[in-house]
Amino acid sequence: MNVYDRMKEKGIVLPPAPPKGGLYSPCKIVEGWAYLSGCGCNMGDKVYKGTLGRDFTVEEGQMLARNCALNLLAVLEREIGDLNRVKAAAKILVLVASQNDFYQQPEVANGASGLLAEVFGGDIGLPARSAIGVNVLPGNLPVEVEAVFVIA
Amino acid sequence: MNVYDRMKEKGIVLPPAPPKGGLYSPCKIVEGWAYLSGCGCNMGDKVYKGTLGRDFTVEEGQMLARNCALNLLAVLEREIGDLNRVKAAAKILVLVASQNDFYQQPEVANGASGLLAEVFGGDIGLPARSAIGVNVLPGNLPVEVEAVFVIA
Amino acid sequence: MNVYDRMKEKGIVLPPAPPKGGLYSPCKIVEGWAYLSGCGCNMGDKVYKGTLGRDFTVEEGQMLARNCALNLLAVLEREIGDLNRVKAAAKILVLVASQNDFYQQPEVANGASGLLAEVFGGDIGLPARSAIGVNVLPGNLPVEVEAVFVIA
């Protein structure tokens, strides 16, 4: 099934690719492997700051992780032109800015990996994943996600 | 040397693969590269919670990191059937839930990379590695390890 | 352009490869992919301890991240002999030991990715990157960087 038909069916719309915040390649493709730099959860004018366990609920965190995945796909599409070229979402790392007693990083991370499964289907889209807490992320972001895709 | 002979010789027994805790692939294999989702240190009924530098000693942490590696191998074996297919343990990331003044993450991580070297021998089994502290991990786990293997 | 000519032109001198701090491969090469274990920012006798936002300024952090990249290249050169064999700096992960209210990890990370771009040129040298805060790193290091390169 065409990726864009699936997205249309589910009402998934990609945002513009987020601006670059430093000296790096947003998407570096080498021998068919696309390494995507960590994307935050800000989208357009909407800026999110804070940590899980204090400033955001788990449900809000899931939405924020989903935003990160949408930003990643926007960067990838800008680079490769057509998301149907994705052969696999291999791996994501979900970083959750967390209070010391917030333990639900995996539930938050489902917002990102779930979006990939929706867009590409489970076989291609469901990646290996680690979801971890950190005390602080760039710009006081609550969630950041990096990814590795394989491209045809 | 056969991996299972080596394990028998050293008394290493794999646990059942741990249950999945979210929307992800426990082991995603693409073009011979096996990305393994982060595994915690719980094993069977035994559940560990807390941080290094307060709730666990370095020696306990090494045992916990070893548990993570055993869980990773259980997941990998379930996926590929025979651990003799492993051509290389390429990379592990060892995440240690740490008090702000706990600095011995590498000693803890030796429990994981040492187990891989025992099982596969040093050339194949000793991976590149980063060992880092984080303030908190999913479910209040003290140690989590993710891995990349290459499979024949 | 020859990597060593470019380094000479810019006055970049590699340090001796840092000593190994545990059971791991400093550089594990599999099928042309070189996984480099996390390198800290200590160099020779010079040892750095502390966190960003308290013990080091952003500018100092950039120098420390640059040190990490120099250490990574020293390890890589020892392993492959000639840095002209590098086809791509695919990905780096920059770990910044951070106070809870330090948000400028990307600026710090520019010290590492910028050095790679200087040495290899932008197309080859500018990697995908994530820059994250953590509460503590091994040996109380302020900055640690791990990397993935592709080798001819």
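Which chain is which? They are A, B and C, in the order written, and residues in each are numbered from 1.
Definition applied: contacts are C-beta pairs under 8 Å (C-beta built on N, C-alpha and C of every residue); 3 or more make two chains touch, one makes a residue touch a chain.
Just so we're clear, the structure is a prediction, and the values are computed from it rather than from any experiment.
Peer 1: Write the angle of the rotation needed to overlay subunit A on subunit C, where the fit uses Cα atoms and the result is rounded to the nearest 5°.
Peer 2: Angle of the fitting rotation, subunit A to subunit C: 120 degrees.
Peer 1: Tell me whether subunit A and subunit B, two copies of the same sequence, contact each other through the same residue numbers or different ones, using over half shared as the line for same.
Peer 2: Because under half of the interface numbers appear in both copies, subunit B and subunit A meet with different residues.
Peer 1: So what's the Cα centroid distance for subunit A and subunit B, whole Å?
Peer 2: 25
Peer 1: Residue numbers in subunit C touching 2 or more other chains?
Peer 2: Correct list: 134-135, 148.
Peer 1: Please output the residues of subunit A touching subunit C within their complex, sorted ascending.
Peer 2: 21-28, 30-31, 33, 35-38, 93, 95, 134-140, 144, 146, 148
Peer 1: In their complex, what parts of subunit A are in touch with subunit B?
Peer 2: Listed in rising order, the residues of subunit A that touch subunit B are 32, 87-91, 98-107, 109-110, 113-114, 117, 126-135, 148, 150.
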